[in-house]
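Each chain carries a letter (A, B and C) given by its place in the written order, and its residues are counted from 1.
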Amino acid sequence: MCKKEGLVLHEKDNVGTALNDLTAGSKIPVTKNQTITLTEDIPYGFKFSLHDIARGEAIIKYGEAIGQAKDSIKAGSLVHIHNTEGQRARGDL
Amino acid sequence: MFLGYKRPDGKAGIRNHVLILPVHRMVNSVAMQVEKMVRGTKISITTGEVGRSSKDRETIARTLLGLALNGNVAGVLVVGDNRYSCKELNHEEMAEIINSTGKPVELLDITESGGYYNAITSGARKAHKLVLEASYYRREPCELKDLTLGVKCGTSDPTSGVAGNPVVGKAFDLLVKAGGTAFFSETTEIIGAEDKLAKRCVNEKVQEKLLAAVSQIEAKAKATGEDIRNINPIPENIKAGITTLEEKSLGAITKSGSMPIRDVLKYGERPPGQGLYFIDGWMSSLSLPLGMAAAGANLFMYQLGGQGMPDLAPPMPAYSAGLITPMMYLTGNPRTCLKAEEFVDFCSGDIMEGKSSIEEMAEKLMESILKLASGTWTKTEIINLQDPVEFYLQDPCF
Amino acid sequence: MIFNGFKRPDQSVGVRNHLLVLPSVVCANDTARLIGQQLQGAVYVTHEHGCGAHYHSSSDQIRRTMIGYGSNPNVGACIVVGLGCETMDAEEIAAGIAKTGKPVAAIVIQKVGGTIKAVSQGVQTGQKMLAELSAQKRQECDLSELIFALECGGSDSNSGISANPALGVASDLLIGEGGSSILSETSEIVGAEHLMAKRAVNKEVADQILEIVHRAEQEGVKQGLDMSNLAPGNREGGLSTVEEKSLGNIHKGGTSPVQEVLEYAFKPSRKGLIIMDTPGYDVESITAMVAGGAQVIAFTTGRGTPVGCPVAPVIKICSNSDTYGKMQDNIDINAGVIIDGLSTVQEVGQQIFQELVDVSNGKLTKAEQLGFGDFSIYRPLT
């Protein structure tokens, strides 16, 4: 094993996890065949999108839905609370 | 194999404490004076039983009795007063139950002792006797089946679900396969991952209990009328890159490993046998370790993320299980490990660096656990990191 | 005979595994206390010594005692806390203790930059040491590794009939196993020195016994002291003269030959019964014997006493059943049963010996349960 920059936990996932503080413009290999060019800085441990995600589409990590996209998300973007919403235990809905 | 203390009821201990157990809040001060006077004693004070529902008082009673019966406890001084006894919290009954397990127990009733000063004197003598008896215990070879572990994850960050929790999960698998007992909990933090866990329950009844626990807590969350994201994930989680409760849950459940879930236990409830159990409890770092100690955990594992943590801070300074169950800090975040080297007992950060696998780290973790079980102190145990206890009470008070 | 103890790098054997926090000077007392209180498994002491203006011999004695105390096999690791401008240099004392091979650290308040930083550094250092100590396991050791300190305090007229002779039996049993005992308090040999000298292994040792007793007597006379040397409690307990007290006192040493005479806080170079020249004050005497390497203390008393030692268990043996009844919180063994006709000196001696073995294996004494740890260094006047 060698030091990776990004990690995809499950084949169904549409987000990867940064294994370092990554900078905008970096090309990150995420699978054998796929490299993602980051559109913005991704801090250590944060998520980035593996392809374009439409508004309302599920965000998948660990092979399971962790929430929905609030807006459309371009490939290589930071995926976090500004563009993603959890769906469970929401008393405000 | 580890070196532990064998108790008369067949349980094993990894520590050899004498526990002073005031069962009503009105007797705390006498018990605290006794604890100061006798070396080798630990005290668990009682708070909040007055003006509570019967269910909450039962929770307190269950927790106190569970602490007394924990294998890490060599003897117990039960402190109470008939004036304050109620049907759920009766010091005499509690002492009788402890006595029936063969564990040395002494009973101190303040009124019967003749008031404050006489009670302290009498309590100190009784505690002396228990400490002396405890000092006769020697560590003996024990098997993995004699060991009970509890885990909680905290200050979670994205390393938790990748390099931290899965290592604990693998170690739990090893323990449970060898006949040992393991606890995980935090009902709020299985929301969004309950289906995965339900599949692992040993039968439909347990499955129903698990799903009921989740739907109850989700209903309570909704009843607040608030966006759960203001409550959980907590701000520290969000700062570290966890976006939603579902994401946190999916990372959190990996700490349970892959073994069947034998039952769902109430907070502080002792399990009916060995194996893996889910405890219906709350994430608090004060109440959960206490509840697991009451359920019989010998060692409490605190799996840390810690991404947003400042340098040299104790990763989670509010903590209560040190009472009778030592706490082991572990992390899968190599940065946390560097920042809090003085507190962290085990680091699986090599996984994040791509230098090690989850399986390799789980083997190392077991070695580390067995050392602590054989008498090596945890880093926080040495500095007496210990907050006041907090029971998990669910009903309103009046 | 075998017991389970802690083996140290210098081959000595401990019956406890303490981290000792030792101030080298009075000004570091509270800093040492704050470090000790924050660490589970740590003991700390405080004292009034270490600054300057000591006579040369006095400085040597204080330094030797501190180094010896930290070197005691019951101490698994040691933190010496100094101020920085004192005669008792903390780093020098730490270096002396480090010769045993055990973990030692010196923390100097002026160098570190104040007490709060020193406390913080002390706790961090102590945490690492304790992690290491807690991983050590008791191992099989031979009883011949033990040095038993024989002490008495608050004596009464029963002491010489019950507790002291019974302790003498236990001491002889340990020596029979190849171990050692130290008899101390020279002023309490005054009037019995001829008997001890007769038991010396050679003339040189006999002369030394007579010499230290003579010196103690002269010193007292020079200071204008009434050498009847009895505390008020001794007199109330029925003892009339120093000679009477001494003749009872020396029974603690049993019947074994005297192998060696030591000055205050020196380590024995021989096995068997040793005499150490210490003052007739129990805590100063215990401190010296522990600095000489004693791992367990036997303490006979008639009037009853709470005295404990921070690093070594103190087994309290009472001369009469009346005091035992009243002071059970502080006393481990009742030798009063001999006076009551319920037991013999031989039987109680066996009981004390068994208690020594049990306590060496880990059983806690009454003074340990209370966490008592008295400490005092005798400072010679010249």
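We adopt the following convention: a contact is a pair of C-beta atoms (placed from the backbone, for glycine too) under 8 Å apart; a residue touches a chain by one contact, two chains touch by 3 or more.
A quick note: this is a predicted structure, and the numbers were derived from the prediction, not measured.
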Two chains joined by the most C-beta pairs in contact, as defined above: A-B
Chain separated most widely from chain B, comparing mean CA positions: C
For chain A paired with chain B, centre-to-centre distance based on mean C-alpha positions, whole Å: 35
Centre-to-centre distance between chain C and chain A (centres being mean Cα positions), rounded to whole Å: 68
Whole-Å gap between the CA centroids of chain B and chain C: 42
Chain B-touching residues of chain C, taken from the complex the two chains share: 4, 38-41, 123-124, 126-127, 130-131, 134-135, 137, 329, 361-364, 366, 368-371
In the complex with chain C, residue positions of chain B that touch it: 3, 37-40, 124-125, 128, 131-132, 135-136, 138-139, 342, 371, 374-377, 379, 381-384
Of chain A, residues touching chain B in the complex: 1-4, 7, 9, 17, 19, 43-47, 59, 61-62, 64-67, 79-81, 84-92
In the complex, chain B residues that touch chain A: 157-159, 161-162, 188, 191-193, 196, 217-218, 221-229, 232, 238, 240-241, 243-247, 250-251, 307, 333, 335, 352-357
